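As written, the chain order gives the labels A, B, C and D, with residue 1 at the start of each chain.
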Amino acid sequence: MQFELDDDQRAWLAEVREFLSAHVTPALKAELAEHDLEFKGGEVAAFRRAIGEKGWFGLNWPVEYGGLGLSAVHQHLLVSEFEYWGVPGPDLTVTSVAPMIMRHGTEQNKAEFLPPIARGEMICAVGYSEPDAGTDLASLRTRAVLDESTGEWVINGSKIWNSGAQRSTHEWLCVRTDPDAPRHKGISVIIVPIDHPGVQIRPLIAWSGYRTNEAFFDDVRVPATNLIGEVNQGWRYITGALDLERGALTNAGDLRRSVEDLVELARQPQADGTVPADDPVAVRRLAGLVADVEAATLMGYEAASLLAEGTIPTVQVSTEKIFTSELRQRIADTAMDLLGPAGLLAHRNPEAPLAGAYERLYRTAPLLRFGAGTNEVLRDVIAQRGHALPSYGR
Amino acid sequence: MQFELDDDQRAWLAEVREFLSAHVTPALKAELAEHDLEFKGGEVAAFRRAIGEKGWFGLNWPVEYGGLGLSAVHQHLLVSEFEYWGVPGPDLTVTSVAPMIMRHGTEQNKAEFLPPIARGEMICAVGYSEPDAGTDLASLRTRAVLDESTGEWVINGSKIWNSGAQRSTHEWLCVRTDPDAPRHKGISVIIVPIDHPGVQIRPLIAWSGYRTNEAFFDDVRVPATNLIGEVNQGWRYITGALDLERGALTNAGDLRRSVEDLVELARQPQADGTVPADDPVAVRRLAGLVADVEAATLMGYEAASLLAEGTIPTVQVSTEKIFTSELRQRIADTAMDLLGPAGLLAHRNPEAPLAGAYERLYRTAPLLRFGAGTNEVLRDVIAQRGHALPSYGR
Amino acid sequence: MKLVASPEERDLRAMLHDLLAAECPTTLVRSLREPGADRFPATLWKSLTAAGVLGLPFAEEYGGMGGRLDDVATYVLEAGRALAPSVVTSTLAFGIAVDRLGGDDLRARHLPALSAGELRGTIALAAPGNAHDARPAFTAQRDGARWRISGQAEYVPDLDLADRVLVTADAEGETIGVVLAARADGVRSEPLDVMGGPGQFRLVLDGVGVEDADVTAPLGAPQLRAVSHAVAALHCVELVGVAEEALRRAVEHVRERHQFGRPLGSFQAAQHLVADMHIGIQAARLSALAAVAALGRGESGVRESAVARMHATKAAKVATLDAHQLHGGMGYVLETDLHLWSERARVLATLDGTADTAASWLAEEVGLDS
Amino acid sequence: MKLVASPEERDLRAMLHDLLAAECPTTLVRSLREPGADRFPATLWKSLTAAGVLGLPFAEEYGGMGGRLDDVATYVLEAGRALAPSVVTSTLAFGIAVDRLGGDDLRARHLPALSAGELRGTIALAAPGNAHDARPAFTAQRDGARWRISGQAEYVPDLDLADRVLVTADAEGETIGVVLAARADGVRSEPLDVMGGPGQFRLVLDGVGVEDADVTAPLGAPQLRAVSHAVAALHCVELVGVAEEALRRAVEHVRERHQFGRPLGSFQAAQHLVADMHIGIQAARLSALAAVAALGRGESGVRESAVARMHATKAAKVATLDAHQLHGGMGYVLETDLHLWSERARVLATLDGTADTAASWLAEEVGLDS
């Protein structure tokens, strides 16, 4: 095991930081604070173009697919650093969808979809969950039927938690193509352009202020070739993508920043003149967070190292996902405790410490405990896949 | 709700304390420290006789059965106070076994067994668990067959965690009397004198140093009238007894003492001159324990109040049992952390703080998390009985 | 010692539960926090007045119900469950402060109107984030026959709706209580935009003139603390109500929602989350009611108040956050309302002091202050 | 950065695992702690020597294997799992201290014998319960050509088995390292009866005479701390091994044990206990190895050591106690051995400092010391 960055990794990180120094402007931060990820055009869009120009959307793709051929560790370093700076980097389209197309897609899938993804022109919303099937993806009911006469898939159904649909170009849509097969066997993945007739998006606003969506599909028709890989094999593709998604979602870059900022804030006098860090109990809690972020960071490096060796580290990523999501909640709660009443001030209040970052984090944190696989299901995964305990029939 | 002792309760508590002041001698404490509860005769035996003379073994029994007819709250006050003083009080025989005989026993059962229990002459070991059936009592296999020719039950099988058998006079034995009935339906309770031929006791020593036993029954014969209540109705009797047992086991009197002693110890200079209570982090942890003991105490009063109204407060007692058993582990761990290396010293070491009480508590604490119904099963009970969540088929 | 509700207590709770269920739906709660909305719940206020809630703890001679502080707790528990607007509790807190700190005259002038629902009040008695710190935030200076009050206090609840506000002021070394008209000359109120919407204010007094009749006799710190702890203990009870409702909603959700072909609530992991919420709430409920009882008996109650806060803040935060976990996405979108309880929990868990703050009160009580 | 074991690391671990599985059964562990037993595991010692364990981190010129501190960690992890007698780690700690603090002469005199398994040692470098406090416990006074060493230290491991002990002494304001013969005149050793049986001692020196050749050059606090933290970090790795074995045993038990007609391990509550043990152990394992790596690279490593202790102490205590929970009564009786790991966990979680102690090191590192 090597616990230090090697020369190549150090140089890469320096390049990423240089890019961020140049492109993370106050205007970009202001737009993000105001619009989160929801704003079409403007500073965020320009920032995304700059990332695309570096080729970083496909940084860990093979060169043959237009990627840079860098390793999962490079990817991890970049994503963590973007998180640390609080800016959006490569999203699920490049980190989870594209790898599955490379691994399982037909030659036509690859030719048709990978180049626009690499250019940042094709962005997918991920259509897995349905109103009546949350974590239990395999019970999904959105149907796709092949119309032999036109060679088109005809899709009917609806999806929920369809995040980013309002700024996406396509759906990476999970559908049932064989209603008679056992639950996991009749599922396929189909790419659906979001501007197609019959697709409708309804916003859902989360506690965090984040916008997600419901998506409705009413006799939506797409070419047969929009099916990814083989028919009725979709379960494998989405579970693979989910593992990658969990990996991408569970870097601790933003948590490191949150804790560093909190440590710094705790050393400053508050409005009433008290300094939180003068209280040894507060210091003890902060030290606990620092130690947890260090462990989370190491978990991230371990998962990336395993990915770089070609394995999908399901158990490690589940561990990391649980650990970081519960840590996020501890950070938010500790911060609000330390800041006292001032910590309740919301972000538009000019007196809010760090522009209300922790008040917001408290509202954001719950999502990652249940999102991307509930922590309960992932604990089952650790026990069953990591320690060969028997399934209890879920 | 009344959060203060009333005059009657205050007078009762004063009487209990007066008794303890008179009878808890250094000799008694020394014997307890050396022999725990295991020593036949001597100071503990004399102490038990004194309790019997007060009539306190049957303090909450109806007067018709030779009891004092006092309430469950009186019982609770006494037991908590005995725990606080660190001396054995009324044991399971009087707090769980006898009430079940009163409630479900035949007239002959009552006449035969209750008077000697009240005098402290009949002490039962509780024979529930078997080597292959721990928490899952209903799968027990010890058999009792009625020999019609002699009118005797013939018993074969074995029991584990048969605590106190070495100083008991009888077994309160749970046996299968109808092997063809569904699991919970063919179970009966039979009283077996421990000195009967065919009964054999093998010691098992626990991590705490406490002695428990395996008990073996090889063609043991007892009169048909030793059957408690009705045949094949035993499941009801033992679950009722178990609820009472949990209530009796989960008073927080000893925990209150542990925390008070620890607070006091933390204020004294240690061998190296440092005072644990000078460290605000240590103080914060101690304050947490104090707050927890207060809550545990209130839980105990609530359960006793409900018992006094005639209900068996299953959910409340489960709550209290989980809370106090996990608190016990926190107290032990906190104490060892606060005392540092000196906290590792075992009780025979003259330098051990408080005669190694916390080193021992650390070893004692695990028992009550899994004993008397594992905390996992009791959490199921809270969810299913307290909140009507569906059984998952255990 | 009898920790079972009496029939009277059960009846009162049931009555208040039904009243709030009927007249304080979440649609009302939500509408009151809309930007620019009138924050006063006029219809509900009327019903609560009619039910005697505003006069619960005051003597009958002042138009009150002659109840105990415990009865106020019964209301506040249900208020927490229903997220009843805090102006009711703030007004009760004002009344309790007047009752305990003022003389007959102040009582007679305010409590009857208050019990009749005709007067709304609030208090600024303790430091924000520390109910045990009752040092006066204001100063009082003699100006002829009047007093001039100056200074500022933050996180004063419902100041926008109050007719009167009770503050404490340092009058040349002595602490006095001062009852101000909330809209008198020299009173400035600035909204603080906190989690969960409006309701907290900065109160700035710039030489506000008051008569001797509006001022209490000099007050000792223990006397002031007994009031601020009583209010804090009631807030602990409110936290318990918030937690109970979050638990109830979570249980209802997992009973109904099916995943993997069975109710979510049949999974042992879901059941254990529920059990842990239940355990935390039990600890909080008993210790919060014990604190109210002690303070209602006129004891200093610091120990009980500290214990209550340590349990109630934790139980309410855990219950609301774990309710989110049990609801999944379904509880995370605004339209399903759960966040309303989560925000109330976090706000109430902060204002009178966090668990760490309360632990410092408790440490002092048990001789562990160093 | 590559957090995957190399083939060489995997091979070394497998070899040590097999060796200890064969030669360090719990019967041996138990027999060494019987009252009055000879605590030296002669046969195991021979095998470990033959496998090169005693010389792992030392240069080949001193008869060592020329390995890194990370390789010692590989041994210690397996030692934790097997509860290998601590005399091995104590001797390695002595060697590491001589290697890092002593000059060529001290190294040449001790490391070859040590690598060959012919010399046993221990150290008394840091305060009990605080690896970061490396102030000398002894004083050294000039007595002609010799030094006279006096003072006492507690919780010195394996002093009964050691030939040499390295202590630090205050020599008129400068700190020097001193290598003593453990049975020299004036050396007194008193056993401390700690949890889990013998193994810790009070070392009392009453004017013990040593030559200049047995004394190091003056040492700075950072240099001393680098050694005490290296040893503490290795103990963290040992805690991880202890935790891993407790988890392994618990998993084995719940896989085999049936209750309610199904394996205990099929209950979700059991699976979640296992998952939480796993998560804690992962945090501990990675941070402990990171600390060893940092200290092996010659960095101060205080931050990493603190992080490792905070995770490893918790993970090992939780894993052993939850293993008891999963075993129920079956793991609570002495004859099933589980308590051996539980005791080792609690002892190791105490000696170099608790999580709270380590947190104070970390706070200082991140500028939070007040």
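The rule is short, and it goes like this: a residue touches a chain if its C-beta (ideal position, glycine included) is under 8 Å from a C-beta of that chain, and two chains touch if they have at least 3 such contacts.
Treat the numbers as computed from the prediction; the structure is a model and nothing was measured.
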Relative to chain D, chain with the most remote C-alpha centre: C
Chain A and chain B: spacing of chain centres that average the CA atoms, whole Å: 52
Between chain A and chain D, centroid-to-centroid distance (C-alpha), Å: 41
Of all residues in chain A, the ones touching two or more other chains: 279-281, 284, 376, 379-380
In chain C, residues with contacts to at least two other chains: 267-270, 272, 356, 359
Topology of the chain contact graph, where touching chains are joined (line, ring, star, complete, other): complete
Chain B-facing residues of chain A, complex: 279-281, 284
Sites on chain A touched by chain D in the complex: 1-6, 9, 73, 263, 266-267, 277-278, 280, 283-284, 286-288, 290-292, 294-295, 298-299, 301-302, 305-306, 308-309, 315-316, 319, 322-323, 376, 378-380, 382-384, 386-392
Chain A contact footprint on chain C (complex, rising order): 127-129, 154-155, 192-195, 200, 257-261, 267, 269-270, 317, 321, 324-325, 328-330, 332-335, 339, 342, 346-347, 350-351, 354-356, 359
For the chain D and chain A complex, residues of the former touching the latter: 1-6, 9, 70, 247, 251, 254-255, 262-263, 265-268, 270-272, 274-276, 278-279, 282-284, 286-287, 289-290, 293-294, 297, 303-304, 306-307, 310-311, 356, 359-360, 362-363, 366-370
Of chain A, residues touching chain C in the complex: 129, 132-136, 139, 160-161, 204-208, 212, 272, 279, 281-282, 285, 329, 333, 336-337, 340-341, 343-346, 348-349, 351, 359, 362-363, 366-367, 369-371, 374-376, 379-380, 394
